[in-house]
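Taking it in order: structure first as structure tokens, then the write-up.
Each chain gets a letter, A, B, C, D and E, in the order it is written, and its residues are counted from 1.
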């Protein structure tokens, strides 16, 4: 029903910003369809959708919020698909020693009286995954008292960049030259990190479905990979 | 006519006053703290006494028994405050014109008032830069220009020099005489009372101690006027003749008085005040004296005044006179009730 | 001794005053807007004129040529402001005691001042609930209790009733006489000048018009005292005897005067003021008159005063006297320079 | 403006529009409520006072969420407004509302403080000159509280320029529609290598707010001079 | 307090401690700077004025980040303070600093406004009575600006209770150490169906801040009565 010229509005978790901006640019050229991105935390966006936000497509950073929307019949369930995946890594400042083997490593000892930076462990997806991983590896009990939780994962990274924390748990996609990977958490140590997308029931379904399809193209996946994501 | 009846308690102070201010100028006179400002505030509606009845020419402004309390702005009473209360965010001119927009254009014009008060040069000045006396003049102008039905003036001239006072006092009279605006005037100064008052209300500790015509109120010593100069008689007179040597002759009752030249034209009604201490008494008509007014009279009453002086009440052709003399002179001259005497009054001591 | 020299422009007003206030009470007298408050402010250091030199007993308070400007709080001058300026957030008592903590305990005690000013009942009251006159009394007390080296009083009594005024005026004298605190006193009221002044500075439009002893300044008519009652002579006298009938006899020069009873003990120096309009003249000694003071004298000078009156300067045993009489009496009595006359002064007109 | 990219320019102009409108539109309400709190006694006064302060007390996310629930298209008031054709949620108009609400306590307090400092004697004097209450307010109270209004307005403007949490929660972060300086700065901070872009926007924010501040100080000085000089 | 869980109680008591200390500790600075801005002319005055307002203008995250850069263990001032044994990063002390900085502009504006309303004539009168400048301030200016100080303090307290962005950015969220009410509320709001838990904490926040507000109004009224009655 909607006009081709109307941009479609994509509500997406803010960590997807760089890749989605590139994709949107390509899509506008190839398909002549402009994309408007509204980037914020998954929870913020999901709540807004619950309150009737004019979103056509939602890409969440975790399943929980997508499930919540599904339960309220706000998404076109059939279109739900994971468009990207991510990995969890332990980072340290660039000048710190070589990679660590997490299994034989006492993170607590390495921290000493310093702190491990993570996103909120019960609220923000990166923190939730991180907590699962640490539990799985049997490190949780020891490090829990030393965790500094931030409101988003980029803030955890910044604590390491600033040298306030020796280590942080972040997504592989967050990596930047000021930090280095100290360890990669095994995929089985936490539930799979997936970015579920779905077309909104109340939006411009047709155009959104087209864009969602575009997101799953190989050429698009290449872009995701370029930005450090994996694809399911 | 303003009818006032007020009862109110303020801490340890109790106001309980009832009086009527007839047309003319009513002066509220009394010591510091006797309740003058409280009365004026209640009349203006700025204070709400527990019991209040204020009626101006039949228009009920306050009546607590009926729950009537007209808001201040609707009362149309001009109020000159004891402490100025000028609007510092407005220029002198805008202070003066403040009341204009809320009141029908009236008989008092800006230009006249500015001229009268000598504030022409100040019009574009900032209120904060005015001297104490200049501020008070602007406050007077502001109240007058609101075209009030009645003027409430709380010690309006206390901050002014004598010259300015002498210029303004007659104006209050003029307001009343020519424009018919009644005035309620608060003052400590007896000369102001005598020059202005149609009626005097003497306040003492929240109560009306005495009220009436100034001649009646001032003819007897009282706690309210400790200054002996205040005792005297006030006589109504008619201007009879202007002499070439600068003297004016007045017809007073059945007698005559010479006073220094007055501006009033022949036939005008004026008021002469003769202070008790300016009157000398003699048993025989004195000769070769510089005093020009010598009146025969009979002693009506002797009243003690201080340890050394007495007040002598006389009946004379010009009306009742009072003289204050020493007890020693009383004895020397053998004066008593009924004695015929001559009252000597210096011309220069009189003002009409 | 206070030496003052100030030059300053304020908008259209130019202050250019130079005077010396010797020990004693110096009165600044002048019309509204003549610059009195500006001078007092400059002395207190609240205003910084372009050119200023203020020296109190050798202590330089301001000297613009040397860049000296002592801060106000270090000047220790008590200042009674024209507009009160009480601290509303403090009780009456705390206002009074405000200066105590900053100044050495001195000769002026709280109890005495409270008693003198009649503010005992007000001590725990809130400043806002005081009447106009009550406020001013507290302001006076506050300044006195700061134990000042000198007192600056800007129209301190204008808001007070006569009784209170009469009580307080002598106190300023007492401050000066007994405690040696010099006073600079601003007023419009001539009676205050005459009762208080050692020196009078008459201001006119920012300039010193005249200065000197009150007797010299007031013996001649001047634009500054339009009220004729202000002209008169001021004589120094000694209390000689208290009579049983309540009169006090004074020794004045080579003569004597009877005045109403004074509280001063025998031997005390007092000042008598004889207003020119209270003096009657006669060619022959009058008989049977209620006036008790009759002085022989010689006319020294005649001075025109108004269209109807002249000022007569006399030499008399009590000192120089001035009388104001009508031109008609002058002619009737044939008075001229050198004539011997009798000056008649009512006892009750005098105050010592 | 070639030292600003088109995207930046759109962010800046939207932010300015939002902050200016939030300030101006809330001013009459701010003055009214400050007056009511300062001068009147009424039932529920403390409740009103508390309500005004609420946005200060609550984390902005909560305020934003409450706005979303109330003024969203599904919300009680939002739904009703929508019928009148006024949509706030996910529009720049909503950003104005969010900024205004967040800045409101600051504005009200400043204005209330100056109303409480006005000398009632002057208002009384005006009423004796015949001015009815509204005119007393307009000609006496209002001019006297101008410094407080100025202070309140500038605080509100600064707050509106910096408001993030409630805005992003209520109207999201839609470029060209609801993306203000703070949300744009946030977006930059969420991605690797975003700090440079964020810094540019931070500097722009500072320049705007400082200019407003200097302007307000300058105006206040001029007013004071013309009154006090 | 059995209507609060142990965890909630620790959050509430920490929040109170942080807000109270942030308010009290910043008060002397707030008064001093407000006085300087209201009364003195000095070089860099507008810069100082701008600096004070900065936390209002910038998104809280940016302020928090700037605090981290400055007062973190690696920061210029933070490193130097650490040598003195004062550590702010990841400590509740840092939360106090963050809250104080964020609330500072509100406090300073309110106080400055009341200083500007003080009648200089009264200060002059005090100095003629021998009071040196500091005593004039203590005995005249200070009592007269108490309403402004009260307003400033209550605004600061409310803001400190609600401060989220700068706090979490600077000192993170460490339960029992830096977890204040807003971070706890934020945590709840990030997960689906967290609203219930958030609501409890929101209500607690409101109760605390309202109590403070009512108390301040009550005290102001008492002071006004003892002064004005």
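Quick note on the criterion: a contact is a pair of C-beta atoms (placed from the backbone, for glycine too) under 8 Å apart; a residue touches a chain by one contact, two chains touch by 3 or more.
Here the structure is a predicted model, which means the values were calculated and not measured.
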Co-neighbours of subunit A and subunit C resolve to E
Min route length, chain touch network, subunit A to subunit B, equals 2
Residue numbers at the subunit D-subunit E interface: does the shared fraction exceed half, giving same, or fall under half, giving different?
same
Taking each chain's centre as the mean of its CA atoms, which one is farthest from the centre of subunit D?
C
By number of C-beta pairs in contact, which two chains lead?
B-C
Whole-Å distance, subunit C centre to subunit E centre, using C-alpha means?
57
Interchain centroid distance [CA atoms averaged], subunit C/subunit D, Å:
61
Taking each chain's centre as the mean of its CA atoms, how far is subunit A from subunit E in angstrom?
35
Averaged over CA atoms, how far is the centre of subunit D from the centre of subunit E? Could you give it in whole Å?
20
Multi-partner residues of subunit E (each touching 2 or more other chains):
61, 165, 186, 189
By the touch definition above, subunit C meets two or more other chains at residues 83
Give the residues of subunit A touching no fewer than two other chains, as numbers and ranges.
none
Each pair of chains that touches, named by its two labels
A-D, A-E, B-C, B-D, C-E, D-E
Using the touch definition up top, name the residues of subunit A that touch subunit E in the complex.
41, 43, 46, 64-65, 67-68, 115, 117, 120, 122-124, 147-151, 155, 158-159, 162-164
Considering only the defined contacts, which subunit B positions touch subunit C in the complex?
10-12, 30-33, 36-37, 82-83, 121, 125, 129, 131-134, 137, 154-155, 158-164, 166, 188-190, 225-228, 230, 243, 245-247, 258, 260-261, 277-278, 280-284, 286-292, 306-309, 323-333, 344, 346-349
Interfacial residue positions of subunit D with respect to subunit B in the complex:
121-122, 124-133, 135-136, 139-140, 143-144, 227-229
Subunit D touches which residues of subunit B in the complex?
44, 46, 71-79, 81, 83, 85, 87-90, 98-99, 101-103, 126, 128, 142-143, 146
Under the touch definition given earlier, write down the residues of subunit A that touch subunit D in their complex.
9, 11, 14-15, 17-18, 36-40, 44-45, 47-48, 51-54, 152, 154, 173-176
